[in-house]
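You will see chain A twice below: alongside chain B first, and alongside chain C after that.
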Partner chain A sequence: MSTQLPELEVLTEYAVREHRSLWLDAWRRLKSSPTAMLGLVVVAIFLLSAVSAHFFWKYDPRTDLDYSSKLLAPNLISTAEKPVIHIFGTDKLGRDIFTRVVHGGWNSLRVGLVAVGISLTVGCLLGLFAGFFESFDMNFKEKLALMGALGLAIGLLPAWIARQWFQTLIFGALGVVSVFLEKKLARVRMRPVLFAAAGALLGGLSGLLVAPLVGLVCAFVGLLIGWLLNKPVNGKTFSSITMRLMDVLLSFPSYLLAIAIVAFLGPGLEKGMIAIGVVGIPVYARLARSAVLSVSQKEYVLASQSVGEGHGRILFKHVMPNILSPIIVQATMGLASAILSAAALGFLGLGAIPPEPEWGAMLGDSYKYLSSGAWWAVLFPGLAIVFSVLGFNLLGDGLRDALDPKMRAK
Partner chain B sequence: MGKYILRRLISVIPTLIGVTLVIFLFQRLIPGDPAVAMLGEHASEDNVARIRQQLGLDRPAFLDRDALVEGNLPGFFDSQYVRYFNRLLHFDLGDSIHRRIPVAATLKERFPATLELALLSMFFALLIGIPVGIASASRRNSWLDGTTMIGSLLGVSIPIFWLGIMEIMLFSVFLRWLPSGSRLSPGVSITPITNLLLLDSLLTGNFAGFWDAFKHIIMPAVALATIPTAIITRMTRSSMLDVLQEDYIRTAEAKGLAERVVLYRHALKNAFLPVITIIGIQAGSLLAGAVLTETIFSWPGIGKWVYDSILGRDYPIVQGVTLLIAIIFLLVNLLVDVSYAVLDPRISYD
Partner chain C sequence: METLMRIKELHTRFHTQDGTVNAVNGISYTMQAGEVLGVVGESGCGKSVHALSILRLIQIPPGEIDAREVWFNGKDLLKLNDKEIRQVRGREIAMVFQDPMSSLNPVYTVGFQISEALMLHKGMNKTQARERALELLNLVGIPEASKRLDNYPHQFSGGMRQRAMIAMALSCEPKLLIADEPTTALDVTIQAQIIELVMRLQEELGMAVMWITHDLGIMAEMAQNINVMYAGFIIERGNVHEIYHQTRHPYTLGLLGSLPRIDEAPGTKLISIPGLPPDLIGLPVGCPFYARCAFRVERCLSERPQLEEAGSPGHTVACWRWKEIDAEALRKAAGGAQ
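Moving on, here comes the complex of A and B:
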């Protein structure tokens, strides 16, 4: 017994090892990867320059023009011919490109943060609830809330048709009642008919107050709603409704959807942020849902459920912390793609409005002057996009390896 | 199997209706009146009202509840959305606001240009992405693998419109090797068969035409191919890495099979499913990415068209193209799902 099995050795080493938190562990792994550190440095440079330019370097794009120095090539030293140093050259209005590239960083940062913020918050909440209720049965209160809300929402249709807003309340109440009666009527075969009749009667009678035909249509709609509400719902209903909505959003290629949204909202940086944010929602919803589904099967979640912890506590205390790492990775990569999309919108003239300094818009402004050989006006804004996006991508890639050691072991 | 395909086809319908709803809602969200946009600011009120009626803009958006009060049931359903949907069923995408030509006709004329560009880009992406992905997976952590990983990250980080501009700068402005826009040089003509110029010129034996078309398409195709190439490479690599750990690969190696046979016959076949999914997703984004690429290279496809229409506020065109791309996207995804069933006998769909 003098030789230990190698597996045992690893185990003992693991057992006597000092305790380290997940995040510290992840940081150590991140530090050991040169590409991830390169990404971190690039991201840090980008953040520092963008933030400090915004707060400490006054720049007014509206007054910045100088026709005497149009389209000057970069010069690094001051000469008699060109006394002012423009390390990136100047553009068609004689503006210093370096200044505008640095200030453009602030706009890209803003778009990235707001857009990812929108898609992250909405997407994760949707995905979290969808995944959670798909794997756990809803309790009574949650069923009440879901059915009530469902009734209220579908009730809007007959209410709108008859111009009787109280009809939403009627169908909301019908949803609530169906939850209360679920156990009592569980064995009654006629239950669908019962509810359909109740819905038809409620909708039809209130509709009749307006006009006979309105009553008829409302009765028909009420019939369908009643039949729908009689079904004992569970979390799967909620999940499949949410995910179907996400499918519709996903059936547009993301670029195109963002372009279409901005085309209809009108150009502007803020609208671009909203468009890019909305387009990103399904990605996070799907990611969060699938992560929740796999975490929900873990022993610690089952354990906390069997000791009687509430759903909210399980969801936010046990499930949420354990799905954070894929979401952090996705958010980092998401920042990269948001910056790219914002630049694309700006390039097409649908993002930032000139003379606002924005990398994509600067490219869109200058590329028409390419034939005159003004390469510097398109090279530097483009490089700024490539470096900041690459930085976030490298960091996200490194974070994935660092936060998920199993992936790395492969 | 046939049953599964049918069920998948039917399940596309609600999503498609959702898509038409979203596109219809866009139209409603536009600030301003399309009738005024057609006639100009100074049109008389009578004329505007007439055009509004012609376009059906005087109808309610979804359902006419006032018609119900009057006891008119068919009138209840006579709404803008129902009319729009009805027109779609007849392949009528409406008329362009500015040129008054049916959108569908121009679409048919312009779509082959985009299709040709997208197909060639996808061809490049597969030609490079799959072999490089396999090579870098089989030599994990080598310099080749490292270069591939960094290269593929760089590929998804470069804005394609910037890459296009850089290509034009280098090859058209400085070196003067390649033309910077359009599909053919003036004076060159190719007999149309499929309207895919490369294919048509080969079919008719017109090699001068082929060379000219190729010189025009190569730059936009390369720009458009960067992102799919990068993503397909990464996906092939990681999928291959998964498979290469399997026991049957070790068995195959132990039998003394050549590395090439193990990689391509044993590993690739099993690693291919996730790659197909990614190819499907990329096919959709190629069509969308065409908006940027075509704008830079003045490529006469649907991408440049939709961009011009956005600027000109010609919404029927924007709606039509968006709808077409969404439908193609859905169908490609369907095809991907079905190909799963065909390629992997372990997956049953009954």
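Moving on, here comes the complex of A and C:
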């Protein structure tokens, strides 16, 4: 039997597998997929050119125009007729299209990052909280925070009407008070009336400081808000309110909603970013919520609860890391669609304001000259859109496969 | 021996769309420090729910926990606020769950997950917690623990994960370990190892263990006392000898009858209990076991039997006819009939 011992040792050596982290593993699988690598290369070129153009290549669109060289076809070598090289040709104002495409990349990148940033943060937080508090009860502090935030948010309406921003604080406080009085007033039938009256009084009195009519309107709005805030919402209600709100956002065609928001905010690249970001929120909220719901049922969440961890720790340390991969994939794809949306807004003249270089705006500027043969003025910005969107989509697809835990064994 | 936990009339209900599910229906018992208590019963009889109710891990709503008291080591667990109950969880009462495959978080190393509770409850820093985690992994018998500390759960086998879970549960030296069917998902050899491990640790650390299972065979060698649960009631409670040899409840009898025994005559058929447990929405007025009981009489339908002392002190049973049930004689009769 003594011969068995060394064998056993070898066996245990063998059983201990080399330590590999999740991200290293994902990177290995990403490398093995040619399409994902193609996407990565395209994205890398896009990022590199956009960033370096912004920082190292000075370009002022306001002074860049030269009527003597307008709508020149691409020329790769300098000749006597065309002394200046324009590898992508020039547009109707004689601007070099190559320069503008490269600088447009920076704008697209900015739009993509900011818009996805907005929808990612807001959407994920909403989805995380909604999903989490469907499975866990809210404690007192969480209720306080939620009702305070809710009061602040709806308080914006009368505050905006009266142009008195302290009104948001009043209604935020009303929300907090409602949590404090929840137990005391639990049996009081008149509670909604009580709170509605309090809201009307608070809104009306502060509105009176401006004008009697404003006071009246604010009192009415305050009445509604007080009635809404009379009972602190629990996790389930919070979740269903949030998700129904997301459904409402989703029910609009996304471009239409973006256009509506831009129409409200006014044109401009920054406004476009906000509009595209807001339109993207529901996607992330739904994704995060559904992932959280399934992760919350896992036994390790119960286990972390049973060792005495609090809600914050459970949510951000145990639940969130486990829902990251679908979110990362969605964000990569989201970059592509944000770039596309920005181009669409630009094309319609609602995004970037000319002469700012932006791919969609460049298309919108030049498509009229297509019939007179100036194909280059639309082809190159169009190709830039196609390639950047394609790159992000391929990368996103690759990431989805790479981050899929079922593929981990490979 | 001092009393560690005293439960009085614990009820757990779930308010669902179809009605109120009465998962636990007024159970009362006490546990001594260092005691090993077995909780047995078939699926859906409230074993796990009652354990989760003790730690208040039931989601409210739809759940509702209601008891005269759940006294543990000087405090009523149901009266503690959020922060205080979190101090009890993990530090004083720890739990090991059924499915080792999903009870470790896949994104963190095993070492990190064990040290987390230590950092939380004992205020250790990272290095201290890591050292302690290493000790714990050694304690639960994981080979090459120093290498294993940085492994992810998917690199562990099922038995090793369950060992890691036990290490995690023991990290803060709890006074009570609740093991919720920890061996159900494991194969028999690993099952034996885990049981041996928990029993050894129980002796070494002197903690009390509540072992929830549907396997009466395991309990015979581990437990001192056994609660037999049915439809959210404790229907029989006693020490191991009383439960196995002086069985007084037809349900316990049925459970024991469905176990294969090594000393029975070849060809003996295993007895199964006919039917299913009652719907926990709208329990019958009478004895919950009525529909499946071989000993039923009319009285069982109209009046629910309460736990009463049967024969020896500490052996309680909820059956109107316990006096007529003599386990040994019945067994002989069954053997003779072959």
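Remarks
Operating definition for what follows: the second predicted complex is superposed on the first by the 295 of 410 C-alpha atoms of A that agree within 3 Å, B and C clash if a C-alpha of one lies under 4 Å from a C-alpha of the other, contacts with A are read in each partner's own complex, and residues count from 1 in each chain.
Quick note on the criterion: a residue touches a chain if its C-beta (ideal position, glycine included) is under 8 Å from a C-beta of that chain, and two chains touch if they have at least 3 such contacts.
In this text the structure is predicted, and so the values were computed from the model without any measurement.
In the superposed pair of complexes, A:Asp60 makes contact with neither chain B nor chain C. Judged by the touch definition given at the top, the superposed model places A:Gly310 against chain C, while chain B stays out of reach. In the superposition on chain A, contact of A:Phe136 is made with chain C only, not with chain B. Contacts of A:Val217 after superposition: chain B is touched, whereas chain C is not reached. The partner of chain A that touches more of its residues, comparing chain B with chain C, is B.
Applying the stated contact rule after C-alpha superposition, one finds that A:Leu302 touches chain C and leaves chain B untouched. Once the two complexes are laid over each other on the shared chain, residue contacts for A:Pro321 go to chain C alone; chain B is not touched. Those residues of chain C that touch chain A in the shared complex are 55, 57, 59-61, 82, 86-91, 94-95, 97-99, 102-108, 116-117, 120-121, 143-144, 147-148, 150-152, 154-155, 165, 168-169, 172. Of all the residues in chain A, the ones that touch chain B in their complex are 35, 160-163, 210-214, 217, 244-245, 247-248, 251-256, 259-261, 263-266, 336, 340, 343-344, 347-350, 360, 363, 367, 370-371, 373, 375, 378-379, 382, 385-386, 389-390, 393-394, 397, 410.
Residues 14-15, 18-19, 22, 26-27, 29-31, 63, 65, 68-73, 76, 149-150, 153-154, 156-159, 161-162, 165-166, 168-169, 173-174, 241-242, 245, 284-285, 287-289, 291-292, 295-296, 306-307, 310-311, 318, 322, 325-326, 329-330, 333 of chain B touch chain A in their complex. Residues 12, 16-17, 19, 22, 135-137, 139-140, 234, 298-300, 302-310, 318, 321-322, 405, 408 of chain A touch chain C in their complex.
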